[in-house]
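One chain, subunit A, appears in both complexes that follow, with subunit B as partner in the first and subunit C in the second.
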Partner chain A sequence: MTNVRTHKEVSEAVLQLTVNGEDRSLPAGSSVSDLVSALDLDGRKIAVERNLEIVPRSQYGGTELENGDRIEIVAFVGGG
Partner chain B sequence: MDDANPKVTVDDTPLVVAGRTFNSRLIIGTGKYATYAQNAEALKASGADMITVAIRRVNLSNPDEPRLVDFISPEDYTFLPNTAGCFTGEDAVRTLRLAREAGGWNLVKLEVLSDPKHLYPDMAETLRAAEMLIKDGFDVMVYCSDDPVYAKKLEEIGCCAIMPLGAPIGSGLGIQNPVNIRLIIEQTKVPVIVDAGVGTASDAAVAMELGCDGVLMNTAIAEAKDPIRMASAMKHAVIAGREAYLAGRMPKKRYADPSSPLSGLI
Partner chain C sequence: MSDEIDIERFARHIVLREIGGPGQQALGRAHAVLIGAGGLGAPAALYLAAAGIGRLTLIDPDTVSLDNLQRQILFRTADVGAPKAETGAKALAALNPGTAVTAVTAALDENNAQALIEGADLVLDGCDNFETRFAVNAACRALGIPLISGAVGRWDGQVALFNASPDAPCYRCWVPEVPPDAETCARVGIVGALTGVIGSLMALEAIKHICEAGEALDGRIFLLDALGLDSRTVKLAKDPACPVCGG
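Up next is the complex of A and B:
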């Protein structure tokens, strides 16, 4: 994320995303890894789906988000 | 009395599902507890080493919300992700792929339900979903109706455990159709685990006496007045039922048969 923020012309552009059904915005050029950090979910047992495709944990850093992406972030909860 | 004490006890083998060995034949759910702390206590009291879990959206507005994994560690227990809330094969596959990514394991519980009123499984869709999951590399423990015909089909396509309902989910009505459960047990080579319908300890014992390999329950423990004590009761009931099954019960008789000798009466 720091990389992105140092470039003024880039940081002014904003990505509009839908994350777990809510509208969110992030600086253009953000990756899945940036999103996970921005949401304070680092190191948690989560899974991320981008436009119905799973993003493997190893690819969070290399997966750049695009305007209009629909993201689902899920975790284990109690259930029967 | 030493010579009158022949060793006839059959040593039991542990529950093995898809190559994984479990010490307990009791599997418990993690829904409906007052808190995750109470859930963890009940789990300890139950002696279970496998728990079902659900997959849901992370609460983004409250990242400090208590988390299941802070109270029950996937290092200590086998997490069995379920597909609760899924009504189609595609939903189920999507959910369990996410579970596999979050947890890193492929043993799962498939349940594809139909009408919320009875939560009965949609068996045609369950069979289709199971095929999709198995093709995708999952080990599928499948929640199903107590229909021996569908149970057979699910086993034939490669499900690793057949889990017929004893009664509707959350009803606590006990084993409603022991005849069908027994038919399923007789025909099935993979473990048969009664899933749903258990209300109290005797229900769990009945399931085990029928010859089930295990019992899965959630509400019976979570909604007991004292869930921790009920978890302990269930632990003992499952052991008692299993022991009784292995021991082989006496035949039922139509008339009384005195226990004390009739000879030597004064």
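Up next is the complex of A and C:
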């Protein structure tokens, strides 16, 4: 057993995302819930937009992120 | 209300293929209820009255204050201290006497929401807090009335149309619970011109909806970042766990 991992293995173990226009990596297999936790966000104040679609709140845990996903964190506004 | 059209007043609508005579007649038959005669409600009401909508109901519990005038273009300096709904109704009648305006000086809540919007063809929500937005959404959903929701905060604006059909998402699919420590325009500020953009978009979507013109903002949300002047329209799916329309 060796600790040397090939480039391919490394890239498969990490997800490359764009979050609010900036590159960000997360462990492979991360869900939208994991992303919200990693960003230390209060989920009640925001919506998560994934590739131009809002992810329903109840689907965060079951929505696995994919390499290349474009994520926007949208803060709700309620003023008029 | 008759189906007679003032062809001179609405000439620019009538030449549009997507509105024309039938669209103008549809506008004349339509009744829209506006929640909030503020930064969003003011421009939305002005454009809907100018567009020849048949009936408008303005619901707002407040009186005009001096710091409203920076953005609430329905009002004039001499109106400070007067009830917004009644004052707004007078201004709209002066703009277009053909629109029947009903003023309701009351706070909408979950107890009176259905009674206040019953009979409307369309509700436009431009109020200033999430609790009222939830009550409006629940009532629209219960009565099957389409809802156009507009909101602003700092430099951001958001607009959506919720058509109230069983398969469609509702406002609570978008905002499931009241965000804690929600910012108010009084505390964090707002630029009047941005409320003008978002309120006008609400009126535009209302006119398109009534005239069945183009692609409605249905199941989609328009997001505007005014500082970067960057906008996008994103899809909103129904949340099966939505407390109002799910399950």
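Just so it is clear, the second predicted complex is superposed on the first by the 60 of 80 C-alpha atoms of A that agree within 3 Å, B and C clash if a C-alpha of one lies under 4 Å from a C-alpha of the other, contacts with A are read in each partner's own complex, and residues count from 1 in each chain.
In this text, a residue touches a chain if its C-beta (ideal position, glycine included) is under 8 Å from a C-beta of that chain, and two chains touch if they have at least 3 such contacts.
The structure presented is a predicted model; accordingly, all values stated were derived computationally and were not measured.
Trainee: Applying the document's definition of touch, where does A:Asp23 land relative to subunit B and subunit C: first, second, both, or neither?
Mentor: After superposing on A, A:Asp23 lies clear of both subunit B and subunit C.
Trainee: Thinking of the overlay built on chain A, is A:Asp42 touched by subunit B (first), by subunit C (second), by both, or by neither?
Mentor: So A:Asp42 only meets subunit C here.
Trainee: Of the partners subunit B and subunit C, which touch A:Arg57 in the superposed model: first, second, both, neither?
Mentor: A:Arg57 sits against subunit B and subunit C alike.
Trainee: When both complexes are superposed, which of subunit B and subunit C contacts more residues belonging to subunit A?
Mentor: Looking at subunit B versus subunit C, the one contacting more residues of subunit A is B.
Trainee: So in the superposed three-chain picture, is A:Ile73 touching just subunit B, just subunit C, both, or none of them (first/second/both/neither)?
Mentor: Only subunit B is touched by A:Ile73; subunit C is not.
Trainee: Which positions of subunit A sit in both the subunit B and the subunit C interface?
Mentor: Looking at subunit A, the two contact sets intersect at 44-45, 47, 49, 52, 54, 56-57, 72, 74-80.
Trainee: Could you pull out which subunit C residues touch subunit A in their complex?
Mentor: 36, 38-41, 125-130, 133, 150-154, 156-158, 173-180, 182-185, 190, 195, 221, 223, 232-242, 246
Trainee: For subunit A, which residues count as touching subunit C in their complex?
Mentor: It is residues 42, 44-45, 47, 49, 52-54, 56-59, 72, 74-80 of subunit A that touch subunit C.
Trainee: Touching subunit A in the complex: which residues of subunit B?
Mentor: 29-33, 36, 39, 52-58, 60, 63, 67-69, 74, 79, 81-82, 84, 94, 97-99, 101-103, 169-170, 196, 218-219
Trainee: Across the complex, what residues on subunit A touch subunit B?
Mentor: 19-22, 39-41, 44-49, 52, 54, 56-57, 72-80
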